[in-house]
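Think of it as A, B, C and D in the order they're written, each chain with its own count starting at 1.
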Amino acid sequence: MEITTTQYNRCDVVKMTGRVDTYTAPKLQETMDAVVESGKNNIVFDMSEVDFLSSKGLWVLTETQKKCKKQRGKLVLVNTDEKIRKSFDLVGMGDYFDIFDDLTAAVGSF
Amino acid sequence: MEITTTQYNRCDVVKMTGRVDTYTAPKLQETMDAVVESGKNNIVFDMSEVDFLSSKGLWVLTETQKKCKKQRGKLVLVNTDEKIRKSFDLVGMGDYFDIFDDLTAAVGSF
Amino acid sequence: MTTVIFPGRFESLEKISKFVKKAARNAGLGEDAVYGVELAVDEACSNIIEHAYQGENVGDIECTCEVTVSGIKIVICDNGQPFDPGQVPKPDLSSPVEERKKGGLGLFYIDQMMDEARFEFTPGKNKLIMIKHK
Amino acid sequence: MTTVIFPGRFESLEKISKFVKKAARNAGLGEDAVYGVELAVDEACSNIIEHAYQGENVGDIECTCEVTVSGIKIVICDNGQPFDPGQVPKPDLSSPVEERKKGGLGLFYIDQMMDEARFEFTPGKNKLIMIKHK
């Protein structure tokens, strides 16, 4: 599991690899919180190498989305695995995140 | 030779493949002019598949840079081949364009 | 039928996941079904640590995978606090996400992802029996 | 030694480029030197069409590549208007780019990229002889 943050002019990209489960979700939350606390409120979460996301991971994303929106920003996702997308749909969260197929398009949306 | 334009929120990406020589430079100029005329003045020129650029191609880039700057925008380059960069340096134009290694970074710079 | 005992801590989740994914693939499940099994088992084991043991390194998680004619049967046992699944309120899946209370999706995912899922509580032993068809 | 005659139009530039790149590689030049040869030849042929013929499809471009012990010798011939290279002003390479006049870099690139480059004009025939060492 690795988490990296890259800063761009209008957004930060957080990229994580591996699983987002109860073990790793707190580390992701910390990273997201650090971005929001640094005053950035547009975040791209690059999921191209995330192969699993449990309900704990989902709550990290919804919490982050709420914090971003409170500051008029937005969390968007990139390259979310189809199986993970289906798990969002199942709990009525399919529309809560804009999902891009391409990192550049996500960064370019801000 | 192919030229594609992709629109993002703060910039347009123009990508060309192959050679920029006296034969193809006018087509590139047309594309660049169309972007500027559409009111966009931040342009990313993705050169990752450009393998040759003659002085005619270089003038297209300087003309476009001038037009962008006139409207307070900027032309930046991505993945410019090292041999092409050296040809910029040779004529004292090495600093006239910001050059990024990564398309996302270039788009994210606006 | 293979049984593996894992220490009850969150670090074990990845190892448990690897174990059940391998069994599910051996049972002939497709990749969507394998992911469903991974998700259900992850939620179940995370619940055991959080709710049954109320902390890490309190007890073990015993995980048994059995390839059957129709698919896979997974049994997960712990010896923490039992609970009454019937008393757990259903999650709110329709309010705007902003207004929902955090948590409460694990049991729902278990139900949704598996073809059968039932708890059995005997003194000192809690069992979750799950079945997923091919 | 190979000679190929190309129709004098801009579409030919890519074909000319392929021809000289192949010869330069055969001569054992490294990739930077090959690019230099490609650039010099492209600028030279573009000039022939624009300045010597003053238009496309007016005359041909004859291109000869000779692998030598030390590298490659390239001779480019046309039968358009001759000119006096000594009369051509040097390009402005130091002013801010914004203030520079467009054009005038082709001959400079030819000089820079090749180890030797000289024009020979005889009645009805203009020759550019270029040499690049390994």
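By our rule, a residue touches a chain if its C-beta (ideal position, glycine included) is under 8 Å from a C-beta of that chain, and two chains touch if they have at least 3 such contacts.
None of the values given here were measured: they were computed from a predicted structure.
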| item | value |
| --- | --- |
| Most widely separated chain from subunit B, with each centre as the mean of CA atoms | C |
| Centre distance in Å when subunit A and subunit C are each reduced to the mean of their C-alpha atoms | 25 |
| Distance between the centres, which are taken as Cα means, of subunit C and subunit B, whole angstrom | 54 |
| Subunit C and subunit D: spacing of chain centres that average the CA atoms, whole Å | 73 |
| Touching two or more other chains - residues of subunit A | none |
| Residues within subunit D bordering two or more other chains | none |
| Which chain pairs touch, all of them | A-B, A-C, B-D |
| For the subunit C and subunit A complex, residues of the former touching the latter | 10-11, 13-14, 17, 31-32, 35, 38-39, 42-43, 46, 49-50, 91, 93-94, 97-98, 100, 102-103, 105-106, 108-109, 112 |
| Complex contact set, residues of subunit A against subunit C | 18-19, 21-23, 52, 54-56, 58-59, 62-63, 65-66, 69, 83, 86-87, 90-93, 96 |
| Residue numbers on subunit A that touch subunit B, as the complex places them | 6, 8-11, 13, 103-105, 107-110 |
